[in-house]
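The following pair of complexes shares a single chain, chain A, combined with chain B in the former and chain C in the latter.
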Partner chain A sequence: MIEILQTGPLNTVQDLGRFGFRNAGVTSSGAMDWLALTIGNLLVGNGEGEAALEVQTFPFRLRFERGTTVAITGADCDARLDGRRLPPWWSVPVSTGQVLELDAPRRSARAYLTFAGGIDIEPVMGSRSTSLRGGFGGLDGRFLAANDRLGIGSAYACAVPPGGFGVMPPEAALAEHFPASQDGTLLVRAIPAGEYALFGAEAERFWTQTWKISSQSDRTGYRLAGEPIRLASPVELRSHGVVPGVVQMPPSGEPIVQMSDANTAGGYPKMAGVIDIDLWRLGQARIGSRIQFVQSSVTEALAAERAVQAYLEDIRRTVPMLAHALAAMSRR
Partner chain B sequence: MTKGRKRKSGSIAEQILDPATLGKIALWLEDAGVDSIEIETEGGRLVRIVAGAGISSDGAGDADVSVSRNSAKPAKAPIAGHFLPVHPARDAAEATIGTAVFPEQIIGFLRVGPLIMPIDTEEAGTLDGCVVEPGSLVGYGDTVFLIEPAQ
Partner chain C sequence: MTFMQSNALSTPASISTVSAEEPKISVIGTAAYLIEAPGAFDLPAQRRIWALAHAVEPWPEVREIVPGVTNLLVILKRTPEEPEQFEARLRHEWDCARGIDLIGKTVEIPVTYGGEHATDLAAVCDFTGLTDREVVRLHWQGNYTVVALGSAPGFGYLHGLDPRIHMPRKTVPSLRMLKGTVTIGGMQTGVSVLTGPNGWNSIGFAELQMFDPMKNPPALLAPGDKVRFVPERIEL
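The block that comes next holds the complex of A and B.
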């Protein structure tokens, strides 16, 4: 068991998402940064889709009611275990009674806490993700509160050295596969979508300006603020299916990017689609920060996906090797 | 992990140190795309064979730099890897030279492929120096930091 000692609102249980029910109006939910969740699971020896805690409001504190292994991935929240500082992207064995604390990160938005054996709650429609809007999944369909207790699945003793170990953060390991700007603006690659042509020459400004992530942004979508882009003449579309990554242009002329809790249908014209492999980076972007869209291609998107898969494969292969090497040396 | 090293049978050491054998191993490394390999021998010597860069052997295993540094104690590499003085997701090192460190504090990192291992302290003291260049390959048990023990 783990006990939540302190939490802000909107921190939830998430896994990789709930798929196959969009036709019934069920959003997929799932971690905003699926890569951090996946790596966290690899670091504690779990299957990659086990549920984790997505922490996006701080400070956050929890107590372990039994020994286990925990990994902290995603945003660097200056994690402390009984006051001892832990590096980011780190896995460490913990014992009964120890307290883990996370502070507000200075960069990035969300941290993930994964536990050996995963979080032991009943899946709903094949997923443990919390659907806040639907009020189901995760912990009774709601966000975490102080005094909540969550069961941790049983796992084999996983060979983590006492001081823990970590992983090269994806931003560092995959730097050459993700565009970076000089001034810290997040460059997000996208491909023109269905109604792009309706915007004519106006569409150019979609790419050239930087957009600010407004305070009206959450797991459902990011509302961006900037110089509006309007259609020459308004169009009315029938409602159609929408997925995470779709960039809609409402009449206000300021884009909305659908995120993990994306609506399943919508009627606004679609300007672009963020490439899937850049969504985890957008999921770490903070309210108030700036982003710029970069026109991409399917070829480029697939190449970036292959690079991320190779990085994950490298971690999958190396974690057991490291465990064996450390076990061999400890016998000397 | 234990600090001391137990040695196995001695005849292997002489075999490895035979120039012909060393040359052969270097060729195997080159074929396998491996840059270097370190072998610990009975005499406590650490033999480092670097593919395509000649052959070198030194006494790094026992002749720690710390020996020449009065009372400073070494913080050693827990595994072979590339030294990272600062975590790649952070702007600053976990501890700076001249500051106090406490037992089991992480003071640096080693990159092992996609993974990162901590280098930590054994006892309280003052971080006295770092004897390894950032990014360089260090072997298991190599001294990376020197720590002046607390009085």
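The block that comes next holds the complex of A and C.
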């Protein structure tokens, strides 16, 4: 068991998402940064899709009621175990009674806590992800609260040395495959979507300006603030399926990017769609930060996907080897 | 239309309509393809979409399909290596698709028309020039078909609303419309499944549970089902 000692709102149990029910109006949910969740699971010896805690409001504290292995990935939150600082992207064995604390990160938005054996809750419709909107999945469909206790799966603890070990964060390891700006604006690659042509010459401004992520942004979607881009006459489309990453243009002229808890259907004109491999980075963008869209292509997206897969494959291969080697050394 | 076409065609990965009779195929990101039937929102177009959905669903590279209102979103497991080829296959499948009739069940939904939850009934009367009794009668006398589910868990988009009571969505949505509210949105009608913001026009209330995550299937309605609204009470 783990016990939540302190938490803000909106922290939830998430896995890689709930698939196969979009045609019943059920959003996929799942981690906003699937890559951080996947790496966290690999670091504790889990299957890649086990559930984790997604922490996006701070400070956050929990106590372990039994020994296990925990990994902290995603945003760097100055994690401390009984007051001892842990590096980011780190996996470490913990014993009964130890307390893990996370503080607000200076950059990026969400941290992921994964536990050896995963979080022991019943999947609903094939997933342990919390659907806040639907009120099911995760912990009764709600966000975590102080005094909540969650079961931890009873997998073999993986052979992590006492001091733990970590991986190079994907932003660093994959830097050459993800464009970066000089001034900290997040560059998000996107491909024109169904109604792009309706915007004519106006569409140019979609790419050239930077957009600010407004305070009305959450796991459902980001509302972007900037110079509006409007159609000469409003268009209401027939309801159609949408996916996370779709950039819709409501009559206000300020884009909405749907995220993990995206509505399953929409009717607003679609300006663009974020390339799928950039979604984990957008999932780490903070309210108040700036983003700029960069026109991309399937070819470029495929190259980035291959790089991410190679990075993951490297972790899959080396984590067990590294863990065993370090554990053997520490026994000497 | 030629301006739009040439613009869209010059944009890689966003190929638009070729002619008025061709479906429009566009992408959302790298792994989701939206195919939109040409022509009106009618049942023949919807039946052809259902046929397409039926044909595409077993393709090994397909993760999920989401039939919409005369359109189909096809979500792939991964970005296709040859997007043009995939799009050509979709287009070919559409050309081969003939309408199918889904054998649906008939669902009767008891409704309280009017009353405290029918906050937009007066506006519907103003817009349509009908009395509240006529609006209610035209609504419950309709024979409806579930064309698609979406927007919220178990919400069914219904076709078959009498054109005399078509009513545009509200420009300012209700902030907290109750789950179970019977609504009109444009040429569609439905029963809301979540309490929250809603831009459709409320004319009544239904108690029937439309979604239960613990059931299989979780949604009461399915595409092709017939729906009848039964006026349990009329409070005008």
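As a convention for this text, the second predicted complex is superposed on the first by the 325 of 332 C-alpha atoms of A that agree within 3 Å, B and C clash if a C-alpha of one lies under 4 Å from a C-alpha of the other, contacts with A are read in each partner's own complex, and residues count from 1 in each chain.
By definition in this document, a contact is a pair of C-beta atoms (placed from the backbone, for glycine too) under 8 Å apart; a residue touches a chain by one contact, two chains touch by 3 or more.
What you see is a predicted model, and the numbers here were worked out from it, not measured in a lab.
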| item | value |
| --- | --- |
| First, second, both or neither for A:201, with chain B first and chain C second | neither |
| Winner by number of chain A residues touched, once chain B and chain C are compared | C |
| Touching partner for A:326 - first (chain B), second (chain C), both, neither | first |
| First (chain B), second (chain C), both or neither touched by A:164 | first |
| Chain B versus chain C as contact partner of A:301, first or second or both or neither | second |
| Partner chain(s) touched by A:173 [first = chain B, second = chain C, both, neither] | first |
| Chain B and chain C contact sites that coincide on chain A, given as residue numbers | none |
| Contact set on chain C toward chain A in their complex | 3-4, 7-8, 11-14, 16, 24, 26-32, 34, 36, 41, 63-73, 75, 78-81, 83, 148-155, 157, 169, 186, 188, 193-194, 196, 211, 213-214, 217-219 |
| Residues of chain A touching chain C in the complex | 19-26, 124-125, 131, 133-134, 136-137, 190-194, 196-198, 200, 236, 238-243, 245-246, 263-265, 270, 273-277, 279, 297-298, 301-302, 305 |
| Touch list for chain B against partner chain A, complex | 1-2, 4-6, 78-79, 87-90, 94, 104-106, 109, 111-118, 120, 140 |
| Residue ranges of chain A in contact with chain B within the complex | 76, 84-89, 161-169, 171-173, 311, 314-315, 318-319, 322, 325-326, 329-330, 332 |
